[in-house]
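See the structures that follow.
Consider the two complexes below, in which chain A is the common component and chain B and chain C are the respective partners.
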Partner chain A sequence: MKGIALLFSLVAFTGAVLAETPEEKGLAIAVEADKRDQGWSDQATVMKMILRNSQGAESMREIRGKTLEVKGDGDKSLTIFDTPRDIKGTAFLSFTHALKADEQWLYLPALKRVKRISSSNKSGPFMGSEFAYEDISSQEVEKYKYKFIKDGEVNGLAAFIIERYPQYKKSGYTKMVTWLDKKMYQPLKIEFYDRKKSLLKTLTQHGYKQYLNKYWRPARMEMVNHQTGKSTTLLWVSYKFKNGFKSRDFDRNSLKRAR
Partner chain B sequence: MSELESKLGPWVIKYRWLIIVFSLLLVFAAASGGRFLVFKADYRVFFSEDNPQLQAFDKLEKTYTRNDNVLFILSPKDGNVFTRETLKVVETLTEKAWQIPYSIRVDSVSNFQHTYSEGDDLIVADLVSEADKLSNAELEKIKNIATNEPLLKQRLVSPTGHVTSVSATIQLPRLDETKEVPEVVEFARKLAAEIRLLAPDVEVRLSGMVLMNNAFAESAQGDMKSLVPLSFAVMFLMLLLLLKSFSTTFGTILVIFLSILTGMGLGGYIGFPLTGPSVSSTTIILTVAIANSVHILTTFIHEMRSGKDKNSAISETLRINLQPVFLASATTMVGFLTMNFSEVPPFQHLGNFVAIGVIASFFLSVSFLPALISVLPVRVKVQKDDQDKMMIKLGDFVVKKKKQLMWGMGALIITLVAFLPKNQLNDVFVHYFDETIQFRVDSDYVDKNLTGLYVIDYSLESGEEGGINEPGYLKEVEKFANWYREQPETRHVNVLTDIIKRLNKNMHSDNKSWYKIPDERNLSAQYLLMYEMSLPYGLDLNNQLDVSKSALRMTVSIKTVSSNEIIEIEKRAQRWLEKNANYIKMATGSGPTIMFANIGQRNISSMLLGTTLALIVISGILIFAFRSIKIGLVSIIPNLVPAAMGFGVWGLFVGEVGLALSIVTSMTLGIVVDDTVHFLSKYLRAKREHGYSAPEAVRYAFKHVGRALLTTSVVLVAGFLVLAQSHFELNAGMGMLTSIIIVLALMADFFFLPPLLMKLEKKS
Partner chain C sequence: MNKFLILALFVCSTTLWANEWSGNVALEYIQFSKDALSTSQFKQYGSVSVQPEWFHEWDGGKQSFIFVPFSRWDQHDEKRTHLDIRELSWLKVFAESELRVGIRKVFWGVTESQHLVDVINQTDLVESLDGEEKLGQPMINYALIQDWGTLDFFVLPYFRERTFPGIDGRLRTGLVVDTDNPLYESDDEEKHIDYALRWSHSLGDWDIGLSHFNGTSRDPLFIVAIDGGGNLVLRPVYNLMQQTGLDLQATKDAWLWKLEVINRRLQDDNYMAATGGFEYTFYGILESSSDVGLVMEYLYDDRGNSATTPFADDLMLGLRWTINDENDTNVLFGVIADRDDSSRLYSIEASRRIGESWKLNLEARLFKGLNDSANLLYSLRQDDFVKLELAYYF
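Let's turn to the complex of A and B:
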């Protein structure tokens, strides 16, 4: 009898060790998502951004983006602004980093100069929209700590519900609740909580398509600010992968040439 | 009617127990609506949905963001904000202020986004970080920047650097205003206490729009706690003194109490909120309801003294009082109901609360009260010769000196009314609260030491998408802002052009000669894009730019001035725009300051209509009830003259008429009519039942109703004087002026109406 009791307690003990904590499970899912989205090397995108105030008045911005996948660090990206007319040709180069300030340069065609922006902020609105730059820049695993909450669903799609806690000191958020699709390992919905831990914004991603038989990308993102009633729609008009971009396409000199 | 009058008494006595029980049950059913009564902590309750200034402001808030704020004012005792210790406090408070419920933004000297250039780098950083490690040279540099920065000076820091503030912008969801504002204020007060503990050498004060909202609710609650018990105590003592009988005093207090319960309870069911003005309805119901009971009890005691037994005294009392008490109640109710014409919803609520209370008090006074009296022991000594000697003498005096009185009173009336135009419509809405309220004291401090609390917001429309980057437009905005800065009332102007000029300088190696609006539209647009990309969470430009960059918001802070001056400043601004603006297509000043500045005028216009209607309806009621057009028309004089005289007295001694006083006329109309009604009904009864001549009828009226009129007037004045003690100026002024008018009304009814009646009778 003693032997059996010992065996039971041993099983219980190892069980407890082997069973993942919610934190471990959350991290494991994040790592898996990161793994599944590796190897696309570069992409070129065309975007339309529609800004709306709480009365529904709208304004549109058109943007093109080029991104170079960087292993072991945040991606390098180049954003070219096409409209409004008065910022046409302005180009924004950014090397994102998980836990440090991003490196940012801006080419101002009206000034014909490249300026480096030295700022530790990533949380301000992107082009006056409800997206912060940290919402749309590359999502490194180390950017957050994770905690698996439970299984859930969004519009009938099975999802992991995971909480993410930003690790960058100057992030505008304290918590993000993410609904990660179980098939695609891509977010369907993210709720952003502000510094006082109240719900600030909700992002929903729609119209996922698979590219290169592997990489899932949404066609539309909707961001709603619950506190101000403003919202932004981000339409991804096109994705093009494997364009053969090189590192030298993403430096100060390339900024001026970018059109 | 006369059949009803004589049958009511015996009926009440027969069913007295049933009436008592039934009345109590009905009142308690009505009173249970009290659970729906809530204190509204929001200045917006003062504006109706269709108020044009409110609509303009709503539109502005929807285009940009709401700007309600909590202002923490820090005054270091050494008189210098720019020390390691104080700046550390600013830093700490700035960080903690993000935790205030519903906060969306925090602005302070420490998180001010300072920009400068180094080579081709644009550096954007907090003006102060890790203050405890700053060197003296760095402190000096920060002070220099802060006290010269147009976005900070006289907004977040005083020009001499002795006071600074941290401003948290609060975006209330406005789902439950009764909870949201107190929640924010409670948190802010705790935070202030925390800072006081942390830094005993720094004084912390609180102000801002959210605190003002809260002051509205707190002063209303304060009134409820202090004035209501006080008015009950005063009334109890006065009744005891006047009626000299405990049972009848008890009965009256009970009637009042039940009337208030009914008025407030039914109001709660309808959904009227409690606000500064509407809270005073308890005191007003109390005061007005007393009159009914006093009239009935005075007659009752008189009847008993003259030897009648209790039940026949009750019957006789009801017979002769039913009509005048009904008329007095109906006219009072009409007066209060016309407050529904007011532009200001809290006054509408006040009028309705009181109107319900008055109806309740009428029914209770003619059923419950006599039923109760017939049950309670009442001891009244029989006095063979119960003659009110003083009133008889007064009657004789009036009859004898009728000519002198008529001319004397006429002269007095004309003299006082001549001062009526001396009143100016004016209001200082920070002064709605007296100095016992902390918000007022702290706000006065801010006004004196830091910035202006009055804010005028402009949405400067360029009329085209992206048009705010147009050099012509920006230069015009800059000129407009500079014009405003030259106005003596202006404390601060917050406008984007200051940022654009600074960025232009930054982009040219901080060369001061580039501190100007760029000459190219694309440059401004691209600078702004760059700047926006570098700002942290919460400190973006969305509160001053619309989404299509076609308009920008300019915020002007103004020192505490009167509503007339505000309207005048805005007019000046519009004239400037008319003359100088080519690019700015539209710019109307809006915001709570503008709303409050205009509401007095709007309210007077609407109340004028209401008062006229009340006068017509009330005169109609009197003509119908007295079955005499002549008497009905004569009654207009003593009904209307007291208010005109009252405002004359006010013009002579005060001269400023604010929002509250604009409702006094229609309110007092309903009350002062009662005196006329009681006097005329006795006068007519004497003429019609006893066939008296005019002078005899005047004597009869004095003898039978003089005492009751004097008594009720004393009671009314006492009640409204209690209201005059309110810390909420709107109530205090209203109480004061109403008291004056009631005194004048009694004078008119005693000394002007009787000579007038006798003169008229002589003619016909």
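Let's turn to the complex of A and C:
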């Protein structure tokens, strides 16, 4: 009985795949990727960001992050800067939303001031790096329109090649070409095209590991800006899931005592 | 026994608790462009400051302790050479509240040109003319955190007097302020217990704060007096006040709309003052990663010419340039123009990081059109200056 039901649903599924347009297939893959990355509830991360200018001179930032998964909306996140030392204790609180403007606050420890800031700066650089705010913000299905292009591979790993078109306001991109790993449903490579439709940046993600037997996270990200010659490496030092965070850990009071 | 104690302390400090030192040391140089009004003053001032910070956290981050002393040595002005405890406080976090006991700094408000609502801490005026440097304030602060907002209760058991430059310092009143002989309205003087209450909340695009303060005003009035040495001086007078304040910000895309309004009631004065305006930011100008922000604020005080602040009917225009580079380079240019006379205060503040641990700050202020001796800033008419600061962070 169970076998028949399974067979039936498999037939129905295959039928659906056959009738799909490239847009429908792209969306279906994005929905599947989103589904597979649900239920982690919260995570704490430690990362190092290495900024490289066109001459190769490097500078480093140490950053800690806490994220709370919010069902049916964008995530809440708290980002704390440890170095450079002059901005130590500066913290950034963000309530992300799919299409509505994000809510963001910045805490300036020298003045003890919590500042509500504009979230219009989606395409602006995060901490002087090659990552824009929109690159590091929570990825929601509704943020893009999708189009499946073809199958491909990155370093021998089979991937779906999908184009994504931002639907939220103030994006710096017209198109993002994404190589999504077929096994993990996580991006291996993303090419970003600017407002003039020329190639701006390439992001590659390396050293994926699985956490809680379900969630894949990269150990390293490399963002190269083809137009300026600058690049940024993000090293994820640690990921810790299910810390028991509550929304109380993501309010303006917690921002003031973030360390 | 002693060895055991030392070992225990060592183990505690290295394993049980996360504790850390950080802070900064800074060299400062101020160059005034014009000759001083008084022969006791100078054209160049060198200075060194140090602000270490010790932080200690335990109980899984639910409790912490912080100690931040600050000290400055000034080449000429003995009143600017001073020591303060900026912070020395303990924090305990509960599920729906937070308790803080000790010396702290608290900031309230949203506007940029002046901070009317912000009344908890005393201004460390010898540090900076803009009033943004504050002295540590002893307090008990209990914050109740609910869905309807945060309610902060403050008990402030000790009053801090404002710092003022000495006879050898610049950026001061014509007559020196006699900080050794303050006058208080309250018989309890600096031991008068002040209370404050603040409700703050965030509702969609709106951030709102309502506050009330009952205690000794941080802003002194002055009377002319003769000090022990037979010199004419200004004696600061600290009166009791009740102040109710509102601060409001609406964040609409690249627009920040800001408003601060206060009603202050003193024994023989009852007035209203406000600051309101906007900040609009152009992101990524000229296809670069630079942002340019325009700030415009109107400064109002219903006492007009009899106001005890110089900003009773003034307009502030500001331009903020943020380069968004790896050195966090930014420049803020501002002017406050008095609509009653021709006085203009120009300022430039810029900063940039050098390498990983150094930071260079530049501040310049020009005082123009201070021709009217009734203007409260008249004594600053010769005091245009450029200040350079090189700070090392550890």
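Quick note on the criterion: the second predicted complex is superposed on the first by the 240 of 259 C-alpha atoms of A that agree within 3 Å, B and C clash if a C-alpha of one lies under 4 Å from a C-alpha of the other, contacts with A are read in each partner's own complex, and residues count from 1 in each chain.
Keep this in mind: contacts are C-beta pairs under 8 Å (C-beta built on N, C-alpha and C of every residue); 3 or more make two chains touch, one makes a residue touch a chain.
Owing to the predicted nature of the structure, the values given are computational and were not obtained by experimental measurement.
Aligning the shared chain A places chain B and chain C in steric conflict. Residue contacts after overlaying the shared chain place A:103 against chain C, while chain B stays out of touching range. With both complexes placed on chain A, chain A has more residues touched by B than by the other of chain B and chain C. Of the two partner chains, chain B and chain C are each touched by A:128. Look at A:248: by the touch rule set out above, it reaches chain C but stays clear of chain B.
Judged by the touch definition given at the top, the superposed model places A:84 against both chain B and chain C. Among the candidate segments 471-479, 669-677 or 741-749, the part of chain B whose C-alpha atoms clash with chain C in the superposed model is 471-479. Shared interface residues of chain A, touching chain B in one complex and chain C in the other, are 51, 53, 59, 84-87, 111, 113-114, 116-121, 123-125, 128, 170, 172. On the chain B side of its complex with chain A, the touching residues are 59, 62-63, 65, 98-104, 118, 120-125, 171, 173, 465-466, 469, 507, 520-527, 529-530, 532-542, 545-549. On the chain C side of its complex with chain A, the touching residues are 22, 24, 55, 57, 61, 64, 91, 93, 95-96, 98, 105-107, 110, 132, 143, 145, 150, 200, 202, 204-205, 207, 249, 251, 253-256, 281, 283-284, 289, 291, 324-328, 353, 355-357, 359, 391, 393-394.
Those residues of chain A lying in contact with chain B across their complex are 51-55, 57-59, 81, 84-87, 90, 92, 104, 106, 108-111, 113-121, 123-128, 132-133, 170-173, 194-196, 198, 227-230.
Looking at the complex, you find that chain A touches chain C at residues 51, 53, 59-60, 83-88, 101, 103, 111-114, 116-121, 123-125, 128-129, 169-170, 172, 248, 251-253, 257, 259.
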